[in-house]
Amino acid sequence: MQDFFASDRPVLVVAPHPDDEVLGAGGLMARLADAGRAVHVAVVTRGMAPDFPDSLIETVRAEARRAHAHLGVTETHWLDLPAARLGEVPHGEVNAKIGALVRDVAPGLMLVPHVGDIHLDHQLIFLSSLVAARPHQADYPATILAYETLSETNWNAPYLSPGFLPQVFADITQTIDRKLEAFAMFESQVRAAPHERSIETIRALATLRGGTVHRAACEAFVLIRHAA
Amino acid sequence: MQDFFASDRPVLVVAPHPDDEVLGAGGLMARLADAGRAVHVAVVTRGMAPDFPDSLIETVRAEARRAHAHLGVTETHWLDLPAARLGEVPHGEVNAKIGALVRDVAPGLMLVPHVGDIHLDHQLIFLSSLVAARPHQADYPATILAYETLSETNWNAPYLSPGFLPQVFADITQTIDRKLEAFAMFESQVRAAPHERSIETIRALATLRGGTVHRAACEAFVLIRHAA
Amino acid sequence: MQDFFASDRPVLVVAPHPDDEVLGAGGLMARLADAGRAVHVAVVTRGMAPDFPDSLIETVRAEARRAHAHLGVTETHWLDLPAARLGEVPHGEVNAKIGALVRDVAPGLMLVPHVGDIHLDHQLIFLSSLVAARPHQADYPATILAYETLSETNWNAPYLSPGFLPQVFADITQTIDRKLEAFAMFESQVRAAPHERSIETIRALATLRGGTVHRAACEAFVLIRHAA
Amino acid sequence: MQDFFASDRPVLVVAPHPDDEVLGAGGLMARLADAGRAVHVAVVTRGMAPDFPDSLIETVRAEARRAHAHLGVTETHWLDLPAARLGEVPHGEVNAKIGALVRDVAPGLMLVPHVGDIHLDHQLIFLSSLVAARPHQADYPATILAYETLSETNWNAPYLSPGFLPQVFADITQTIDRKLEAFAMFESQVRAAPHERSIETIRALATLRGGTVHRAACEAFVLIRHAA
Amino acid sequence: MQDFFASDRPVLVVAPHPDDEVLGAGGLMARLADAGRAVHVAVVTRGMAPDFPDSLIETVRAEARRAHAHLGVTETHWLDLPAARLGEVPHGEVNAKIGALVRDVAPGLMLVPHVGDIHLDHQLIFLSSLVAARPHQADYPATILAYETLSETNWNAPYLSPGFLPQVFADITQTIDRKLEAFAMFESQVRAAPHERSIETIRALATLRGGTVHRAACEAFVLIRHAA
Amino acid sequence: MQDFFASDRPVLVVAPHPDDEVLGAGGLMARLADAGRAVHVAVVTRGMAPDFPDSLIETVRAEARRAHAHLGVTETHWLDLPAARLGEVPHGEVNAKIGALVRDVAPGLMLVPHVGDIHLDHQLIFLSSLVAARPHQADYPATILAYETLSETNWNAPYLSPGFLPQVFADITQTIDRKLEAFAMFESQVRAAPHERSIETIRALATLRGGTVHRAACEAFVLIRHAA
């Protein structure tokens, strides 16, 4: 059966910080890459001294490169806005950077963080991504999905911040192991259970999201727009 | 571009009363039929004396047959539950009737009324449709969309009943005229403007829903589930 | 640290059908029983012929008895309203049956199904439980929590039916195994993965709910009321 | 300043049970009656034996008559549907009774109970009132407001049932005392503090709702529709 | 029939950028001006070089002047905060500018953009308008309505950002043509169909909003507060 | 009966401006202090010239000291971020200041302002408080409650901003008088009725929140998280 992951246009995954894209959509990225789609990742922010030591920044970036290669990512775009300081950057600048990339990549499918995540960077990037993808001319991303990020999505305020109640389930039975391997490559970021950023919790989430639609493993998304 | 209307499995449109399916999805039905998909309509209720005169019931049914033929409907299923009295029918019976049809038709795409419509029949059929489509075995409708019904969806209580805030937009530029013709065939049901059930309002809604995604005419839907 | 599971008053778990209470709160029930609290279960409905064969009903009931014993349940109350037909029972009668039990048991903590579950029985029992626990005199259940039920809570309509976004997390690290054993005793009800009612999915849910608050395993709840 | 209570058309207050209308809108009713508007009350249900003793029913009805006279009510309409059993009455019948009254009274302003109240009768009457007031011809009630009922509105499930978050505040500084007197006439229904149905709580609510808009006393409402 | 547009106090329409006020409330502005009310417009932002060329800014401003004259606007107030950069302006400064105008104009009715619009300027101006209109003394705007803006309101995230579900419908049958003429005067801003900012879409929206309450054309609003 | 206020760990009340903590939780603070718990208050902002005259700042601070002493506060922490300018402070700095305090105090119970309050400072402090209390290691505040602030919580936009619909009710029958006395000590902040910041309205709110759970006086809260 064909489905809305079946387009042959590029995919753009917008990640506030390296590893968000793997936590939220690593399995789908691998599946789409396997199917021959071009998969682009935009890493919007960059840790900057003195908030983050330079050595850590290089480490994480190297980890991301390995993980992306493992998942079959076509190209990673480093937008280099300051991590954890996005509220201090003019909103128009974030819009412009993501907007330029949307024009260049011309994705058919766009995956964005969830506006209800506890991290302000995630909230601001969500809004800028929607601005960048506005349907104000004939061509724009036909499908926009918000992904969930362990250690962000479940830590905001139930019923007061926007809830993550997914309607879209992507079968990742074939790629869940590759997703876990890719996340494990972020050695500086992975945590031991019972932390939410642990391999065990990531696998549990995939099992649960899969069970909801009778599949062995899924990633779940909230649909923002699908025009077709 | 391929999309989630691109499956080759049958489509099942669940209509509480004849003409709801045309108001909510007549353009998409015609588009999918043109593309070679089998399009089934389930008319769940039947007006019954003394609530409704027999002559009217036959008239509406004949109108529906003409309209469905005009839109390319493959088959219309009359479930014959009592119109405007669905609250008096055991919930399990409604579930069973729709469930049997889902098993027979095995749709890939299911279109259902919106749970926030003001008509209790719509609310109950929404719930029964979801029960019938539960993903409790490997095969089930991959996509469920709720459609909007002029004269029902806008007349419930804003912010207190479930709101209709669509994320899915189906381009019906090629079939909007056929939709309007099909609705005009319901001579007993069409109303003069400014009634919501008028040709003018249906066209205005299609123009507005189209404009939202830069298309000449669209039908809009709320996504309930998409698994792929 | 003391907490709101620390009262010495009885606990009442309201289950629409046998096994809902184990899916939703089996781990907490065992933990509270271990701590010396009286744990009561009310099984509100009974499958009835011809909807359900008599043999199945007896089987499920025997399974429930074993499971409850394994979890340390003090007493199981069979309210014997007709399963899957609660919409046909006068609302006042459901209120009255649950109300009488609340008066008899005088629970300090009450666990109820979630109003957003896809099963109409769950929705109606939620409302009747709240009616039964109204604070219209000095004494009433101080704490009411809604539990989640795999195969019910995730199958309703995201954003249109009430969402389950938990704020209360009960640590069941010590009792998760007992919960899984108790559910396995429902041999007629357990399903193979990837069904949501499988041992694998129940464990995944516990791992996820635990990870959210840095614990190995949790059950999660939505708070309805806490007065203290 | 003129306002939307300034029309000269009749007012219709829909009360599930006698005294709901006084709790929710007694002050506004008196104010509008003082201003010369015709104020109609529809008491939708009647307690019936054996649920309610005949003597109590007559008592409450007599209390309602006194209270209504005190508030300046033009006419009280007793619809005599069975109290606490509205779920057993065909939905179409409730619609029809309220619909007939709306046609007869032709109100410009309609006050209805809140759909989020814990009492099922309130929920059903809310829906039927909206059906009765549908804008499907040129004339219909221009304004519909939902009122709050102490002992009903605050006892449902926060965030899961529809919340009461008022936007409309009616100044009842001149009539709050009359409202309290009218409620006190329901000797069989008034409760001692700290019950929500006490004089003290009613006054506290009026003070709070007033304070929100810098007035000594207000009644607050949720707007359902205003067309003008 | 009198209504809440019937006060004789001034009206204040808060527009983030020139033409928002016409898209959202141009028909009502003309109707109220015709009825003799003073209609004030506050244009909160001003495009500034280098984001916007000076020539464009003058053009738009001249267009706004013509459009306002056509609609009968009493006075236009240019607050000159930087367009698309409101997030960089201290919140207190926006509050202060709008607050000063509210004190000067002393409006009875205030029309503001919708907080759920996709443009951050709209969101921030909504909040500042509410701060400016707080009921912390005896006099304040009795009625606050949020209007919808084509190309802003429909492009945010359904169910995640605040939805626009109107309860207030203003009949603009007499002024819809003048509204369209006024918008056409914004020659630099009008777009060809099927863009949302086209004459066709504006008319379609008016027809739809009208049909919902059986009128030929309406503008629709969400009520924020009405105190009377 | 024990309850979730029964822990022996410290309490931390986060107040955007002095007196918010008394309005929202003064009664509970006194009750917990009486019960021997350490009660800490963090006053996050400080009025600064020229927005606020120095004399006023000293006055308010002295008032707060008296009020806190009257309520039995253990220690008041002045974080000295600029009042009404929190949007201009880097988000990470607010997170860091509150985060350091959470580490030092190690509270079991944390009381925070409501994210739906109309004051931007309240919204930002809510988010920073949740960031500070993230469960990303074994120890963190087990319980987080949002309190309501008269003159802030009721003045935002119903249904568009996050609503305050409390599930937690703390009995303050024994301490309501002390709360009112403490608030009266803020002579520069208290207002005459019918302002929301008046003694009369504070008492009315306590009576209403109490009545909802059959107590003479309560403070009400929205639960953000309880892990136990």
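Order of writing sets the labels: A, B, C, D, E and F. Residues in every chain begin at 1.
Assume contacts are C-beta pairs under 8 Å (C-beta built on N, C-alpha and C of every residue); 3 or more make two chains touch, one makes a residue touch a chain.
Composition by chain, UniProt nomenclature: A, B, C, D, E, F = PIG-L family deacetylase.
Values in this document were obtained by computation on a predicted structure and should not be read as measured data.
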Chain by chain, through touching neighbours only, how many steps does the shortest route from chain C to chain F take?
-> 1
Roughly how big is the turn, in degrees to the nearest 5, that lines up chain E with chain F by CA atoms?
-> 120
Any idea how many Å lie between the Cα centroids of chain B and chain F?
-> 50
Measure off the straight-line distance from the CA centroid of chain A to the CA centroid of chain C, and report it in whole Å.
-> 35
Residues of chain E engaged with two or more neighbouring chains | 135-137, 155, 158-159, 165, 167, 195-196, 212, 214-215, 222, 224
What residues on chain A touch chain B, complex-wise?
-> 1-9, 108, 135-138, 140, 142-143, 167-171, 212-215, 218, 223-228
Once bound in the complex, which stretches of chain E touch chain F?
-> 90-92, 114-116, 126-127, 130-131, 134-137, 146, 162, 165, 222, 224
Which part of chain F faces chain E closely enough to touch in the complex?
-> 51, 84-85, 87-88, 118-120, 151, 155-161, 195-196
The residues of chain E that touch chain B in their complex are 150, 154-155, 158-159, 163, 165-167, 193-196, 198, 200-201, 203-205, 207-208, 210-212, 214-216, 222
